[in-house]
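Inspection log for the structure reproduced underneath, given as structure tokens.
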Amino acid sequence: MLTTIGVIGKNEQTANDPVDATTMRSAYDVGRLVATGGGVIVTGGMGGVMLAASQGAKEAGGLTVAFLPSMDRATANPFVDIVFPTGLGRARNLLTARGCDAVIMIGGGCGTLNELTIAYADGRPVVVLRGSGGWSDRIEPVLYEGRYLDERKTIAVAFADTPEDVVALAFAAAKSGGEPGQHI
Amino acid sequence: MLTTIGVIGKNEQTANDPVDATTMRSAYDVGRLVATGGGVIVTGGMGGVMLAASQGAKEAGGLTVAFLPSMDRATANPFVDIVFPTGLGRARNLLTARGCDAVIMIGGGCGTLNELTIAYADGRPVVVLRGSGGWSDRIEPVLYEGRYLDERKTIAVAFADTPEDVVALAFAAAKSGGEPGQHI
Amino acid sequence: MLTTIGVIGKNEQTANDPVDATTMRSAYDVGRLVATGGGVIVTGGMGGVMLAASQGAKEAGGLTVAFLPSMDRATANPFVDIVFPTGLGRARNLLTARGCDAVIMIGGGCGTLNELTIAYADGRPVVVLRGSGGWSDRIEPVLYEGRYLDERKTIAVAFADTPEDVVALAFAAAKSGGEPGQHI
Amino acid sequence: MLTTIGVIGKNEQTANDPVDATTMRSAYDVGRLVATGGGVIVTGGMGGVMLAASQGAKEAGGLTVAFLPSMDRATANPFVDIVFPTGLGRARNLLTARGCDAVIMIGGGCGTLNELTIAYADGRPVVVLRGSGGWSDRIEPVLYEGRYLDERKTIAVAFADTPEDVVALAFAAAKSGGEPGQHI
């Protein structure tokens, strides 16, 4: 069975709503490192962070899967190998967030925060790339005890500062089934 | 067509994980005021805030609907008139969060935060009861410009300090289809 | 807790795709009789059989609920009291089919057959109006032992010839939680 | 982008509910031929037809994906490369049925019929293996004009008598995006 690493982060819905170049580069590196490590990249198949991570994985010879909100596979970015049009709209967030062995979060708006809450509630390990903007930076100060999304302490959310560390923590959590935060 | 007001907030999963008496009283009052105002209360059908809001509505002669995670209608609290067992687990959060005319948030852990992200992404108005604990208090300081879940500014999240004000804002937003935050 | 009766059947997607007058009349009568018996009518909120059943219930003083495929509540027919826009497309079929105490099937195309399979798999009682066309007539000859959708015999599918008998069987099954087919 | 072929058919829920050896052999051959042709096999990840098709694909060097009803990846059969635990129960049928380029149906009970209705409604091509039992044999005599699930004629359902022909039709439909029935 292959190791699946979900990558969640900001989409580019319009040209006026870009993801900055540094975050795109980080997402690309995450995809590349996951592929090099033998993992399968799973995303929502759209632009921004999802595209960059898929491109990084493809250009390193990896395999990429995507769950599209629509039924139109032409909406997938060009770096997806296996595309699943779901027709479920934003409800498809469930699949990336809870279906993977571990999840990496890079930047992110409301949809990314939604995926974080789904992963946490199901006890899926999430590793957040610090400094990547959006909810990846906003969430840490307001976590319970700095690590949990609520007092149930379902699973610790982990944070790291570089694509290398984020990917290493994600693989470790995926293999142990344990909390990524315990490996820092 | 009747006005539907979703109430989201902390469940009591075990006896060791109670919702405090003040929050329960607030939820009860919200339910009562929604019923008095002619609205239908919609919840996830479980304990804690969901139970208190449903009880408040029932004891004021109102109508209550619930979407259960399981297929077992016996898991609904005793104050639900119309119960829909969904068998969708936590994915049933979608229904309360996006299906109602407006949503009131009281306290809340990860599941409540999940519902907030769903409502926001679909442009459903949410009014948060300040001082009710959990994510109702944690979220405000980290919102974009104090009102939005991301820079897309889909809809402002509103805040109020009393059950009376929360319910008034929710009805106003439900009727206008506009942002509850604009009515403060 | 109120008794919920789902009504599934053919939509009118275009003016060129009408439901015949006899079937519409039957659906109207089913809605009326469910309301008279104190049940809540639950449908997919669109036209055809869904509209007629809701109209029958409303004009008899009943309460009607609908689960819309879209997020646009303006797409509901005018006889719905409580409307839930789901944004789930056809996946909303799950809610009507498995969420109610019993389901009544009148005529029906592929979507209705889809709902029948969902109700059966979850052991929800379904009563089919014989002679109403579509899958309501096509399915009976190919059932396992004339009553089941597969050899697991999860729950017998019941058939009756008049709105009166269909509604009586549905209420009996809803109350007993048993197989409607056993009450004929 | 890789071609995805969903395989739907009867599960073995218990030892008392086996899939016969001929059907298992057919499913194995379908998996093998899809893999040989360069396609990815997608199933619900459980036993019976799903297991046999995945085994055939794996032993021919192919790639297999599965959508599990539960959150427990240990419930997947041992021939799955990429497993997605969905936690959606039977609602996960949506993913196999509408997410693939084409669907092959082998035998099947109520769940398989459910998946056929989903695929049809979304215009996904389905090729049925004649003689494989269950709904694969029961459905043909009651189709509209022998080919459609309702009078809307969304897409023709195709039938073939051997694993070789079924797979050939599925690939042709996947490539053209057209109706598999038109290629016979």
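Of note:
Note that the chains take the letters A, B, C and D in the order they are written out, and that residue 1 is the start of every chain.
To be clear about the criterion, a contact is a pair of C-beta atoms (placed from the backbone, for glycine too) under 8 Å apart; a residue touches a chain by one contact, two chains touch by 3 or more.
Here the structure is a predicted model, which means the values were calculated and not measured.
Greatest Cα centroid separation from chain C: this falls to A. Centroid to centroid, with C-alpha atoms defining each point, chain B and chain C lie 30 Å apart. Per-chain CA centroids place chain A at a distance of 41 Å from chain C. Shown for chain B are the residues in touch with two or more other chains, namely 87-88, 90-91, 94, 122.
Judged by the touch criterion defined above, the protein chains are all mutually in contact, each touching every other. Listed in rising order, the residues of chain C touching chain A in the complex are 87-91. Against chain D, in their complex, chain C makes its touches with residues 13, 17, 90-91, 94, 109-111, 113-114, 117-118, 120-122, 134-135, 138-139, 141-142, 149-152, 154. Residues 1-2, 4, 40, 65, 71, 73, 76, 80-88, 94-95, 98-100, 122 of chain B touch chain C in their complex.
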